[in-house]
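Take a look at the structures listed below.
Each of the next two complexes has chain A plus one more chain, namely chain B in the first and chain C in the second.
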Partner chain A sequence: MPHPAPPRQRLGAMALADLPGLTTRHPAQFRAMPPGRLAGLIATAAALGLLVFALWRLEFSPARLLGGIGALGRFLVLMLPPDPGSWTRAGLILHGLAETVAIAFLGTLMAAILALPLALLGARNTTVNRLVQFLARRFLDGVRGIDALIWALIWISVVGLGPFAGVLAIMTSDVGTFGKMFSEAIEATDRRAAEGITAAGGSRLQRIRFGVLPEVLPVLAGQALYLFESNTRSSTIIGIVGAGGIGLYLSEMIRTLEWQSVSFIILLILMTVALIDFLSSKLRAAIASGG
Partner chain B sequence: MAALLPPLHRARYDVLAAGYDAALRERRRGTLRAVAAMVALTLLSGWVTGADPARLVRHFPAFLSYFDRILTLDSGARVWTDPGEWFWGLRRWLGLLGDTLLIAYAGTLLGAAAGFLCSFATAANLVPNPLLRGAVKRGLEFCRTVPDIVFALIFVIAFGLGPMPGVLAIAIHTAGALGKQLSEVVENVDPKPIEGLAATGAAWPALVRFAVVPQVLPNFASYALLRFEINVRQASVMGFVGAGGIGQDLIEAIRKFYYADVSAILCLLILTVMAIDLVTERMRHRLIGGEP
Partner chain C sequence: MLVLDDLTRRFGERAAVDRVSLNIKPGSFVGVIGRSGAGKSTLLRMINRLAEPSGGTIRWNDEDVTALRGRPLREWRARCAMIFQQFNLTGRLDVLTNVLAGRLSRVPAHRSLLKLWSVEERAVALAALERLDIANLAAQRADRLSGGQQQRVAIARALVQEPEIILADEPIASLDPRNTRLVMDALARINVDYGITILCNLHSLDVARHYCHRLVGLAAGRVVFDGRPEMLDEAAVRALYGLEAEAPAVPPEAMDAARNASMRTAAFQY
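Entry: the complex of A and B
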């Protein structure tokens, strides 16, 4: 804490005692409505108005809210203690969890490999020409605009139900994210190394291989690890539409109101995510320090 | 210049070269080890997920033809030859898209408000009590880690079908995600205004309101806008579990193979997301000022 208590209180008392003097000396600070305040008030009112409209349009009602919260409270009581029910079910759930992590890993890896060439095309300093750069960027934006869950549905209609569709879904939705992140990292590289390669007579590909890649690869690896963390979260849910992983069991248990199993699965997910976050932040620190 | 350097002693050169080779070998070995670990993990996860490259190759034409099919009308013509037929349900879809945006908006605003309040309770420079801080932090962590669609699944049962569970699910997830980001912002504020306010005898709420909020408000707004962008995408799939928005129509179109409808809805979604990205990016740059 910045200061011990007594002087602070004494200063406060002194300021209060001198209030009339302060008001006459600094009239601008004591105006009821400082300039700029009005614009802020109007913006706040507009935002709140839109919120009220949204709540009305989306059929919010206090009765429903209270009823729902009551139901949630009952579910919460039923969730305790977390319990998978039977050993067979626990086995299935653990297998689903392993599938989830594997989906995230494979999907992230494949997305990173596919995104690298696209990112090189989409970055200002490594692209072929302006048109290719523009097209690559828009393609990545379009892919990114579609959620992994939608990709999962599309891949299911192509390769059928199962975790393989999940891997492909994570891969496709991540290509867009990676492509954008990678090309921004590539654009942020130091130009001098690439210029040096050009000055030594290197071709475009040599410039990328020796002038750009050595600098960006550690950054890209860090970003890939970071996305792997977030993908473990996304791949827990793609099972909801049938693309493998623990989400299948989770949605099944929720729909059949097996609340103890639900809390067991959620607990497992929380622990897995925490473990992966821990491991990947360790790895990222190692990469950042040049290990 | 090089000619002026004294020639390196032969023995010294050998030592240096050997050292260089050894360092290089060590690095190569490290890289090889990392690659081997990656390959092992890849094979393991390939085995667990039943990922089969042969299957992918076999089905890849089907993936491409899927896009061919969604770009073809029932009459066999390409979709863009008859936009009226392609977007036959435009009015309904635009309404649902509007609902989706409203779900994202209401969820973001409610969640941001909750995260905003929590972020002051988790900042070490405002709340000295580690127990309270830890409790709020754990709560936010829970809200952040459980995916919003899981909350939506549970809320749909508790609150009934419709957009309301979607809004609440997004709000809770947003509170968790923003609460963490914002508390980092709050912990990094300039301590001088806080000391100044404390010196005037201000109580805790006044201290937060006049010393901290003005410093962090632009950052808060910028993070909330970024979250809004993410939430628009999330709101578009809330309908998959019955929690309102355009997702309901989309999943029906995909599952029932109404190909042209799939592409029409996806086009509307992509355009909306891109427009929102552009607008929020502009607003964020203005908020943070100067910075690119």
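Entry: the complex of A and C
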């Protein structure tokens, strides 16, 4: 008959009956504390110790934090209701906000354009040779190591105060970030498409153009959109040092203690960032499904 | 006894599985055959409840599997082990831990999350690995193994579930002929030694004829053949593989699934 009788053996019962045999045949699997496990425990304990030490060394004080929360509450009351003060000032603030968004947009776009060739040179599968890859990578690391705020200070002393310095600051700091993100995305692409182009007799550039870029461009576009969002926030900050945009008004209002204007500006920034966030997530979803 | 009654799964307009009714006797080794997109995978995945039926019922020994929720559903899944074409192991975990995953439904959460396996649990996992001749690989990371070895790890994981039925979804589609034999022989041995019912999707008619007691042919989601392997004659094969040409177009998600599967197969062969 094709159908055998009901269960004859049970794995669990057989394993338990053979427990001594199994433990002698595979002693390593029954060790209470495998070496890898011990190393993991030590690393966790060390990280916790470092955290406690850092909190102590940096004088982390819950008492001071609690005391300060009262002050925070007072400011919050002073901020209500949000009010720009006058129509002229509202106009200036809106103009500053538009400038901030423009700085973020231009800076991100230029950074993405500059970063693409650098990323191709820095990615293992598209680079010219190992030396070029190494140099491209280190250059990107170096640029990325300096924050946008510091770049803003540098560019202000080169091209003067104003949004142009802001665009340059966002661009330089982002070239590093994009270069790294892009080259990692390029390295993560499917090798088989590029192999197909090579096998058909394609050159290095043709391989990149037909085997790599079509696969990776949607990913890069998504990353650029994401960074545009985060740059809208950073370009608020660089305005404070004089590189254009709404940051300048914000720091002025804080300095002159006009809290209702401060809250008006913060509210506007929040709304703008939320709007860009919404638009870019829609766009990224569209790219991901269409690409 | 596994009883499927009018089991249906729709993707939009098209039914991937269309009013399938089957009785699977305990201890039998049943092959499900048919072309890609015929609904074989969806059928198996519904039995494990990885896919929700759009209609119909699944019963196991008078228990309504389709109605299970929460804890009873997880217990059903433990009793109805699943083996996948792409093995579905956690590549960065070692083989022993992958196999012990088959025991998870019996281990309390705090102990399993800390990977504190008891001696008995390790013994069962190693016994299963010994059964499949790969106990020497217990400490290796799963993604370091060949496809055939990975599939045997997956079978060991199914085995430590001590299931009543094993659902194997194209278990050999990514394997070379030698590993195909190793894996199918292992399933056949499990079927005989432990009396575990096996329901196995297969592409290859030769393999299906050689290992199965009974074959169920699906085309466009419907059962078009059901009988002993020797009953599968020329006409039956033509009905099975010809019907689909006239059937409604394969939906995009099935095409995608098939394409992904074949791409992964290609990747494996490199």
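In this section, the second predicted complex is superposed on the first by the 219 of 291 C-alpha atoms of A that agree within 3 Å, B and C clash if a C-alpha of one lies under 4 Å from a C-alpha of the other, contacts with A are read in each partner's own complex, and residues count from 1 in each chain.
Assume a contact is a pair of C-beta atoms (placed from the backbone, for glycine too) under 8 Å apart; a residue touches a chain by one contact, two chains touch by 3 or more.
These numbers were taken from a predicted model, which means no experiment stands behind them.
Using the contact criterion defined above for the overlaid structures, shared-chain residue A:161 touches neither chain B nor chain C, since it reaches no partner.
Legend: residue contacts after superposition of the two complexes on their common chain; A:102 is shown touching chain B, with no touch to chain C.
Among chain B and chain C, the chain that touches a larger number of residues in chain A is B.
Looking at the shared chain after the overlay, A:28 reaches chain C, while chain B stays out of its contact range.
When both complexes are overlaid on chain A, the residue A:92 reaches neither chain B nor chain C.
In the overlay built on the shared chain, the residue A:19 is in contact with chain C alone; chain B does not reach it. In the superposed model, A:236 makes contact with chain B only, not with chain C. Legend: residue contacts after superposition of the two complexes on their common chain; A:192 is shown touching chain C, with no touch to chain B. In the superposition on chain A, A:51 makes contact with chain B only, while chain C stays out of contact range. Contact with chain B, but none with chain C, is seen for A:64 once the two complexes are overlaid on the shared chain. In the three-chain superposition model, chain A touches both chain B and chain C at residues 2-3, 7-9, 11-12, 15-16.
Touching chain A in their complex are the following residues of chain B: 38, 41-42, 44-46, 48-52, 55-56, 59, 62-63, 66, 99, 102-103, 105-106, 109-110, 128, 142, 145-147, 149-150, 153-155, 157-160, 162-165, 167, 191, 194-195, 198-202, 233-234, 236-237, 240-241, 244, 250-251, 254-255, 257, 266, 269-270, 273-274, 277. Within the complex formed with chain B, the residues of chain A that make contact are 1-3, 7-9, 11-13, 15-16, 47, 50-51, 53-55, 57-60, 64-65, 67-69, 71-72, 75, 98-99, 101-103, 105-106, 109, 141-142, 144-147, 149-150, 153-155, 157-159, 162-164, 166-168, 233-234, 236-237, 240-241, 244, 250-251, 254-255, 257, 262, 266, 269-270, 273-274. Those residues of chain C that touch chain A in the shared complex are 25-29, 96, 115, 119-120, 122-124, 126-128, 130-131, 135, 138-139, 159-160, 162, 191-196, 213-214, 228, 263, 266-267. Residue ranges on chain A touching chain C, taken from their complex, read 2-12, 14-16, 18-19, 22-23, 25-26, 28-30, 37, 192.
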